[in-house]
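We call the chains A, B and C, going by the order they appear; numbering starts again at 1 in every chain.
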Amino acid sequence: MHEPTIYEISVEGRQGVRYPQPDVPEIPLPEIFMRKELPLPELSEIDAVRHFSQLAQKNYSVDTGFYPLGSCTMKYNPKINEQVARFPGFLYTHPLQPITTIQGNLYLMYHLQEYLKEITGFAAVSLTPAAGAHGEFVGVKMIKRYLEEHGQSHRNKLLIPDSAHGTNPASATMNGFDTLPVPSNSNGTIDMDVLAELCQRDDIAGIMITNPNTLGLFEKDILDITRLVHAAGGLVYGDGANMNALLGVAKPADFGIDVMHLNLHKTFSTPHGGGGPGAGPVVTTDQLALYLPGPIVTILEEETEDTAPLYGYLIPEKTIGRVKAFQGQFGVLVKAFTYITMLGAEGLRRVSEYAVLNANYLLANLRDIYVVPYDGLCKHEFVLEGVWKDLPDIHALDIAKRLIDYGFHPPTNYFPLIVHDALMIEPTETESKDTLDAFIAAMKSIAKEAREEPELLHAAPQSTSIGRLDEVKAAKMLNVCCLPQYDQ
Amino acid sequence: MEFPKELRYTETDEWVRVKGNIATVGLSDFAQDQLSDLVYFESLVEIGDTVEAEGNLATVESVKSAGDVLSPVSGEIIEINGDLEDEPEIINTDPYGNGWMFKIEMSDPTEVEGLLTAEEYQDQSEG
Amino acid sequence: MFIPHTYEETISMLKTIGFEHIDELFSDIPAPLRNTNLDLPEALTEMEVSKYLEEISQANETTQDMMCFLGAGYYNHYSPAIVDSMLRIGSFYSAYTPYQPEISQGTLQVIYEYQSLICALTGMEASNASHYDGATAAAEAVLTAFYQFNKKRPKVILSHFINPQYAAVIDTYASDLPQVNIIHHTTEDGEIPSLIDNETALIVLQYPDFLGNIKDYSAIVNTAHEHGALICVIVNPIALGLLTPPGEWGADIVVGEGQPLGIPLWFGGPGLGFFATSKNMIRKIAGRISGETTDANGNRGYVLTLTAREQHIRREKATSNICTNQALLALAATVYLSALGKHGLQQVANTCYQNAHYAAQEIQAIDGYTLINTEAFYHEFVISCPVPVNEINDHLLDHGILGGLDLSEMYPEYNNPVLFALTELNDREQIDTLVEVLREFSHA
């Protein structure tokens, strides 16, 4: 049974929240600019609360269950984060307030900047990008600007591994680059021979790499990769989505990466919110630091015996420009700061240790049941094939939907592109052995059903309030708004 | 999977039927199968436009995928299949017949010689 | 801290893998690359962290401690309790992007309702699931227009009276698309029509504009459409509770910042960039879209639709790389508008207008202060002051008042200009206090 929309619940004359009348003398509104109708719904507060609470119950979430979603790092979102981010001192500060009135915010941002640099090994950072893709856009643009300033504008090709996330080539295009694919070898890592050949070209701007890569494998040749690209005259962009495998283990700056983004909503526990908000800070070397987008928080006046440091803003000299309004997703930054502060160095290292332990534990238990195209020691995630050669009618989609009947969110489907019917699994460190064992049992059971009762997979999910939805109809009929006057 | 023998094909999955100087162009059975249920067809050219071989003719979209239709030959667009905008699924059900997309008056009919035969295309697609 | 494993479980799991030590899990990382040096402060317990963050937060002065007359794109509105209480529900905030619709109907329906509300406010036919903020939404509008004309029309004209931060972000987004020519108009909007030609892709206007003015843009809209160019209007969503929406006077794209819809100031983020357009442009826009459909039994449900436009499928052919929306904030706006409804929003919108007009009237009555706005204005206005704005603002701060934005650098054509904003959280007493303090700088 579907929950009606707010327009369907609306009853003329109902009002939820009421406001006082203005206590200033009222003047007439400018008639020529006044709208004739305002087609908003009318609900009482209880209507609204029940409606949204009902909708909440239709959602799977980390709070209710396991998400083995490769490349998303769906770890537990600490409750303390929610509380702390809402301290009035943070909540009620206007972004344009004079700096003397928001030293608390600037202190927090300054120290978060320092922590992210320390964790990744880089020299400089900007907290402004609002999401991972936004950070990518920034990093790629910084590379472009650097090359231009050094008389290298003819370098217009970015190398992109065929296992890359779709945002990578899209970020390249947004910055006026063309892309050249770099194939993976039979081990699932970058094909060094092809890379070496590509690096003979004189129009290489750089490479966008993810390490560990999207198959969950550590690119052992990473130093050679970055060396090759640098020798060819290019720079290296690092997609930091997989940072959960490296905390306190290795520093991406040591790999030869020049600029990288981080996903605070992945590695640093800030919640996904159903699709956002996130935050995608960008870290970089001294060489590219001047190109970062501002504002960046800096110390304007050093501390003295009696006074704390005075924090303020700085716009880097050669900045690529502003990439969003104000300073960044502050409400998200507070949560990441809180997380890092609670964990400390020891806690962060344990995150990666257990993220990798959990992934390898799952792999060890599943490798005999499912095809593992690139087998071996994985990092925080791994990829299975959602097909068996002798069962041509079963695809990853069917396995994914059947997992829902077992109470799990499906793993990432159909990505990376280089694996047929990929199922990318990333448990994260916050899942217990019990949860993992239950997941393993479900996966084994589904593999058996695929063979013996395939109709269970094809009909899945059966246990949800709604079955598989007609996506073709959604695209063709295109009903994206339920206003009465736009009756579809 | 069909690969009509009288047609020629491109490596990018378009087919060409030649009658005199006119080339009729569409997407192959293999292509429509890969894309699955098409929900959208948009022509990027108008009648009267000149195209080069491998130039962009149209965009097609399915739920899971999007693709470009590239011109197998150079010439002038003389006809566009108007049914496809409202019923792109014709491309799935009848890719070589009612699913035709463009008619082009070729500027260099010898270009067709360089395209793949049905056998070559079948090998490439299924190989 | 959030790792549940016991020692025994760890050993048992390592054994299954075939290892004895956790360190073996990283044997694939070449020794020269291993770096375990993390110079970070000692870990803190939850209790300690809570105290620490509280101290940090108290090193700020807030709009609850001071009277706020500062706006310029972000506004101090009241957020009803229901909004945050819905945002705190774990099944909303700890959910993932709704790629598996059968278990994400909550998020998908909220986004669908959000889209509908944005259409209601803006008068447009279709909305996406949001962008990071108003500024990036405006930049995406420029990209949309650029691709709409297949890169053949290079010109984009920005009114002098749009939010300068938005203009800056548009510049950044266009900076590496060499075929795009962003023109920053520097004089009155009335002169824009003479610049519009067949090379113009888009004109970007703001309504009410950055200085608070409500203007009739029909001359620009008509000229634009005569030449086949598009119009993008940046709007304030609260103002749309009263003002004729751009969808009714010819806008092709409407964008703006949704923070005023129940989202806290939060020092500038996370906010909510809304983006609405006509049905026939819907395939050209970036960002997620939730669409209605049915399952095999005819039950109504929602899915992400038109995903073939997005980066995960189009990859280098995508017009934008956007992968996230501001889902949780879209929820906030949806709850806010549902809780206020038609009448509530009209009330808030009216109070903002009334407070602003009372304040403007009282301030301009002070000798030495002049109201710069000559046309109708909404809840912001510009005052030309007798002394530099920073002097006035410093003094106001001493009296616990957060003054307006100093516009001296952005609009040097005015003399000591300050942009005041009023909302339903201001009242007569606050305004009278502001006026008294301002009077201290009067010539008289």
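Please note the rule applied: a contact is a pair of C-beta atoms (placed from the backbone, for glycine too) under 8 Å apart; a residue touches a chain by one contact, two chains touch by 3 or more.
None of these values were measured; they are calculated from a predicted model.
K.L.:
Which chain has the mean of its C-alpha atoms lying nearest to the mean of all protein C-alpha atoms shown?
P.N.:
Central chain is A.
K.L.:
Greatest Cα-centroid separation from chain B: which chain?
P.N.:
For chain B, the chain whose C-alpha mean is farthest off is C.
K.L.:
If you average the CA atoms of chain B and of chain C, how many Å lie between those two points?
P.N.:
Once rounded, the distance between the two centres reads 43 Å.
K.L.:
Where the centres are mean C-alpha positions, what is the separation of chain A from chain C, in Å?
P.N.:
That pair's centroid distance is 20 Å.
K.L.:
With centres defined as the mean C-alpha position, give me the chain A-chain B separation in Å.
P.N.:
Measuring from centre to centre gives 38 Å for this pair.
K.L.:
Among all residues of chain B, which ones touch two or more of the remaining chains?
P.N.:
39-40, 61-64 - these are the residues of chain B that touch more than one other chain.
K.L.:
List, in ascending order, every residue of chain C touching at least 2 other chains.
P.N.:
306, 308, 313-314, 317
K.L.:
Could you check chain A for residues that touch two or more other chains and list them?
P.N.:
Within chain A, residues 471, 475 contact more than one other chain.
K.L.:
What residues of chain B sit close enough to touch chain A in their complex?
P.N.:
Answer in residue numbers: 37, 39-40, 61-64.
K.L.:
What residues of chain C sit close enough to touch chain B in their complex?
P.N.:
Touching chain B from chain C are residues 150, 283, 306-309, 313-314, 317.
K.L.:
Write out the stretch or stretches of chain A touching chain B in their complex.
P.N.:
Within the complex, chain A contacts chain B at residues 414, 471-472, 475-476.
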